[in-house]
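Next up: some structures, all given as structure tokens.
What follows is a pair of complexes built around chain A, which joins chain B in one and chain C in the other.
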Partner chain A sequence: MSDANSAAKPKQKQRGASQAAVAWRRFRRNKSALAGAVIVGFFIFISIYGIFFAPYPSRSYYCLTNGCANLPPFVNWAHPLGTEYSGIDVFSEILHGALGDLYVGVVATAISVAVGLVIGAFAGYRSGAVSAMLLGITQIFFTLPVLVIILLFARIAQILVAQGLGLTLIVVILGIFGWPTIAFVTRGEILRIKELEFVQAARSLGASNSRILFRHILLNVMSPIIVLASLLVAGNILTEVVISFLGFGSPNTSTWGLLLQEGFLYVRTSWWVSLFPGIAVVVAVLGFNLLGDGLSDALNPRIRE
Partner chain B sequence: MGELLRVENLRTYFFTEAGVVKAVDDVSFVVNEGEPLGLVGESGSGKTVTVLSAMGIVTKPGRIVSGKIFFRGQELDHASENEMRKIRGKKIGYVSQDPNSSLDPLYTIGNQLQEVIRTHFEVSKDEGWDRGIKLLKLVGIPEAETRMKSFPHELSGGMRQRVAIARALAGEPELLVADEPTTNLDVTIQAQVLELLKTLEKDLQMSLILITHDMGLIAEMTDRVVVLYAGKVAEEASTHELFQTPRHPYSAALLNSVPRLDRKAALVPIGGGIPNLITPPNGCRFHPRCAFTKQVCMDQIPPLEDIGGRRAVSCHRWKEIELRRNV
Partner chain C sequence: MGSLLNYVIRRALFAIPVFLAVSILTFLITNAAGDPVNIVRLGIRSITAAQLEQLRLFFHTNEPVYIRYFYWLSDFLRGNLGQSLYTGSVASRIIPWIGTTLELQIPALLLALGIGIPIGVYSAKHQYSKGDYTITTAAIFGISMPTFWIGIMLIIVFSYYLPWLPAYGAYSAYPPYWWGSPFLDAIAHLILPLSVLTLVSVATITRLTRVNMLEVLRQDYILAGRASGLSEWKVTYKHALKNAITPVLTIVGLSFGTLLAGAPALETTFSWPGLGFAFVRAASTLDLPTVQAIIMIITLMVLAANILTDLAYAFLDPRVRIT
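Then we have the complex of A and B:
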């Protein structure tokens, strides 16, 4: 009898569907979001692939001395995307540039998110003079012509202090100028969430301030921040391209922006040097934007399929 | 029957840009063991703020301006966050109004129960989990083991409210505050939740404060009532006496605005709305809406007068006027 009973018992489900599981289900059904994820995945893959398997090292002028400079693409399969007039292999350089741009995009975004979260959390959770001041600073940042200031900083820092820093300098500068949006959104979300009843409930049941802030409030803030971060990566890659294109970047580290700029000088004759990194930038930025949009739809509980 | 919670001359003001909102203005009452107390009044009369003040969780711009709170005769030091945290959940459990938002959507029911249990007791995670299952069984949730792994959005409103009650019980409090526990529930579920609260009160020998605007709930659930109006105590009495002979015109008006099945009587709504608490009316705060207003009501604030038999009323004219429930 008991055996029959236990056999008839329906299989217990192990765990309910968490917010993350629900979001993933929604994300999976969104084709453009999936496309974004695939592009981003591919971007990460080639940047890692480039470290180990790129045919030529970063910034190598191999062809200058070996007679293969300024080759058009799809002619010589040792140089599938052609070479530049000074002997740089475009395909290898795109692989290396992927790593550089990934570094710029992700690390600068990480800095922005860290700074923005701390400032936004403080401004939202506490009230008082310091919070008001932080909010004021954030708003001042919005009014600044950020690109011009970034260029200025990049040039000054390159000359004065950080000649050896290369790309890291750009990363730090982008990180420092990227946080205001994050801080602003974090603050707004925290102002909303801290009034929700589960926060009051946690407090009424003896949870400490830090526990409420980290466990209950910040985690609930994360979904818009994840979306913003994804979009910010795209923005940072673009800004890096602009900086390099204008000649303010690091001349010794491979990035797509640098290759674009080098090719631009001879774009009438050697169009391929600029075209391929240009396509790479467009696709990568598109990928991160699609991913961000998809995450935004998936994580927003108000949008139900 | 010992005294559990005593609130003395509590004033909690909200310092907003528009001015100082005197949400709770000189409120005193006592909760005794085994004597469920109802706090009743319209929205904005200061019921919830009173209780939040007692627990020391009024959020800015609100602040306790003056007053003392005693728990079992011991004054609570609201300045000490650490000490207050031991009161919250451990001595006083709080069930908030809206079960849909009182549970954190990111954690399983089990996680949330475990969190509270492990805040108040030094037990292992497994032990916390097992206690959580017991709590869910206590509040009548079927398949407690499975439900522990569910997320709040997978439960119905009534279930969520049961979970919220279980969570409030996790610290084994001596006093449970139920803040409009049924307002957001279906009528059928309301009855179940009330039944549950009654059983828990009896079985766990726990005292109860019920915050509500529903006189029906007051009649069913409580032994004593404090009627609040615009941040002040209008009347305090045993539930039975209040329903038989309300002494304050506001109490009478509240009773008359509730439908009755046993007699045919017109429902009488209370005219007007709750006053602006930044600039409350002079004198008695109820005078603009009161049918018995005289000059004295407009000029002087009526004191909360002890009228014997553990009753108190705050009305200049309670002796002269005859209040009746509608015949």
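Then we have the complex of A and C:
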């Protein structure tokens, strides 16, 4: 096998740029994809280092006792985006909330991708009763009215499970319900790829099933999955915001959805508590959506010039 | 025709496992603590002994879990949705909720199709033009915003800052009516939530139409049509759109569930008395019989939408009818 690899390498160099290099060039030329990458990078930076810029601790009711509750934005520069009735500083809270939303978005997606890849790979690579059953389960999951089930799940979990778990509950719930798209696409891609010549070549060279699946097929499946994962992060953040906004989330952890829920209570008088966290959500979700769209353009060989 | 019937029956049969899956999931979640009565007692401190007794009867808590499930399912299938913990029979209350939700969802869907498809076609026809960039940018913003948040923003602007439209409810219960009459009053209440829902769906439909049109416009038969001297209008709308629209309608039909699922947050924002708002209230107050009934009804609505979509698909795409 190593002989074949070393023989193939100089040949590849003659052919010019590798797959990844071509994709990177296409990605770089796509302005909106770059914008998406920059936004996502900024979002990750804020999630990790935002706590150092935040003037007040997470869920701190500082202003309630210090006479600065319900301040409008851009008036007092100690509270640039204003404060809530309850005395929470909106700017600090947005910075603290970033980590929660990133955690939910990314970790739930990771769970979904892991589950979806395994189920999709099995359903695509093998044939028979088990894979037919997996396909059936995937299709059933597609049709479920997922959000109401997630909401009920979150509400019951709120009561039964210790509050200390916080966002992890939501992460697990979203992860459990997010895998069907990944599984479906993985299965389709594997059905297509496993008949291609390079897989047959590997098989005739005596490669084992698992080697073919992991080294040859899964690597090729990854590009549509990366695209889907990016869009799924966006979707998960939106769902987390809805769960928290409706009051089914974790009441002690800073998230943008929780801030929006509190803002809605006083929306008639304190519009700023609703406006600014919403903008934060839109920017973060937009970043992942732009990134996903851009990756999809860059990685799709069918529309390559 | 026989094969079409066959196809529809096959698709309709698929509804059964979905229905059962939802019922099992819902039932398992509400029985996660072994006994739904425990959940209610833990969550709602002010619950009375009479309410708990009623709940025990509804769930048959003296039986083991798997027996309870069949009691509940057979009750549901016979139209006995149980008693709400707070306000009488669930079945009598759920029907107006369905109506109010559809009053919002169906016009939004039709409007969104009517607006989104032409915009998507325009965008695809003028790919990489300024108009196309504007449209795709607006559309990606549209799918990145939480639906309910757009609603809150519109309420702040058009209801509080400019007192033009009502901020909550589907109608005024008593005079003074908005714009003078009860009918116009209902319209006034509909405008804001309907605009939000339409806006978000237009974004999705525009993106879908654009992608599918781009794919179709590249194909040979479009070139052949142009070469044989058909007008650009005819090529676009008669030949290309006809093929591009099938996947759009399919996805829209199948994602009716997602639309409905977006309802809880949006309906709560506008206090719109539909299924979604009722669901949120019932889940917050742990009114489990109501919650279960709403989830099952939403599932039935989604399944009905899917079967209608399959029918439309068989109609639009002759290949389905042949095989």
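Here is the rule we go by: the second predicted complex is superposed on the first by the 287 of 305 C-alpha atoms of A that agree within 3 Å, B and C clash if a C-alpha of one lies under 4 Å from a C-alpha of the other, contacts with A are read in each partner's own complex, and residues count from 1 in each chain.
Going forward, contacts are C-beta pairs under 8 Å (C-beta built on N, C-alpha and C of every residue); 3 or more make two chains touch, one makes a residue touch a chain.
All values reported here derive from a predicted model rather than from experimental measurement.
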item	value
Chain A as common anchor, with chain B and chain C clashing or fitting	fit
Touched partner set for A:D293, first chain B, second chain C, both or neither	second
Touching partner for A:R268 - first (chain B), second (chain C), both, neither	second
Chain B versus chain C as contact partner of A:G206, first or second or both or neither	first
Partner chain(s) touched by A:G278 [first = chain B, second = chain C, both, neither]	second
First, second, both or neither for A:T143, with chain B first and chain C second	second
In the superposition, chain B vs chain C on chain A residues touched	C
Contacts of A:V130 with chain B and chain C, given as first, second, both or neither	neither
Distance in angstrom between the closest Cα atoms of chain C and chain B, superposition on A	13
Intersection of chain A interface sets (partners chain B, chain C)	none
Sites on chain C touched by chain A in the complex	14, 17-18, 21-22, 25-26, 29-30, 32-33, 39, 42-43, 137, 140-141, 143-146, 148-149, 152-153, 155-156, 160, 254, 257-258, 260-262, 264-265, 268-269, 279-280, 283-284, 286, 291, 294-295, 298-299, 302-303, 306
For the chain A and chain B complex, residues of the former touching the latter	12-19, 127, 194-198, 200-209, 215-216, 219-220, 301
Residues on chain A engaged by chain C in the complex (per definition of touch)	32, 136, 139-140, 142-149, 151-153, 155-156, 159-160, 234, 238, 241-242, 245-248, 260, 263-264, 267-268, 271, 274-275, 278, 281-282, 285-286, 289-290, 293
Chain B residues within the chain A interface of the complex	52, 55, 57, 59-61, 81, 85-90, 92-94, 96-98, 101-106, 108, 115-116, 119-120, 145-146, 149-151, 154, 164, 167-168, 170-171
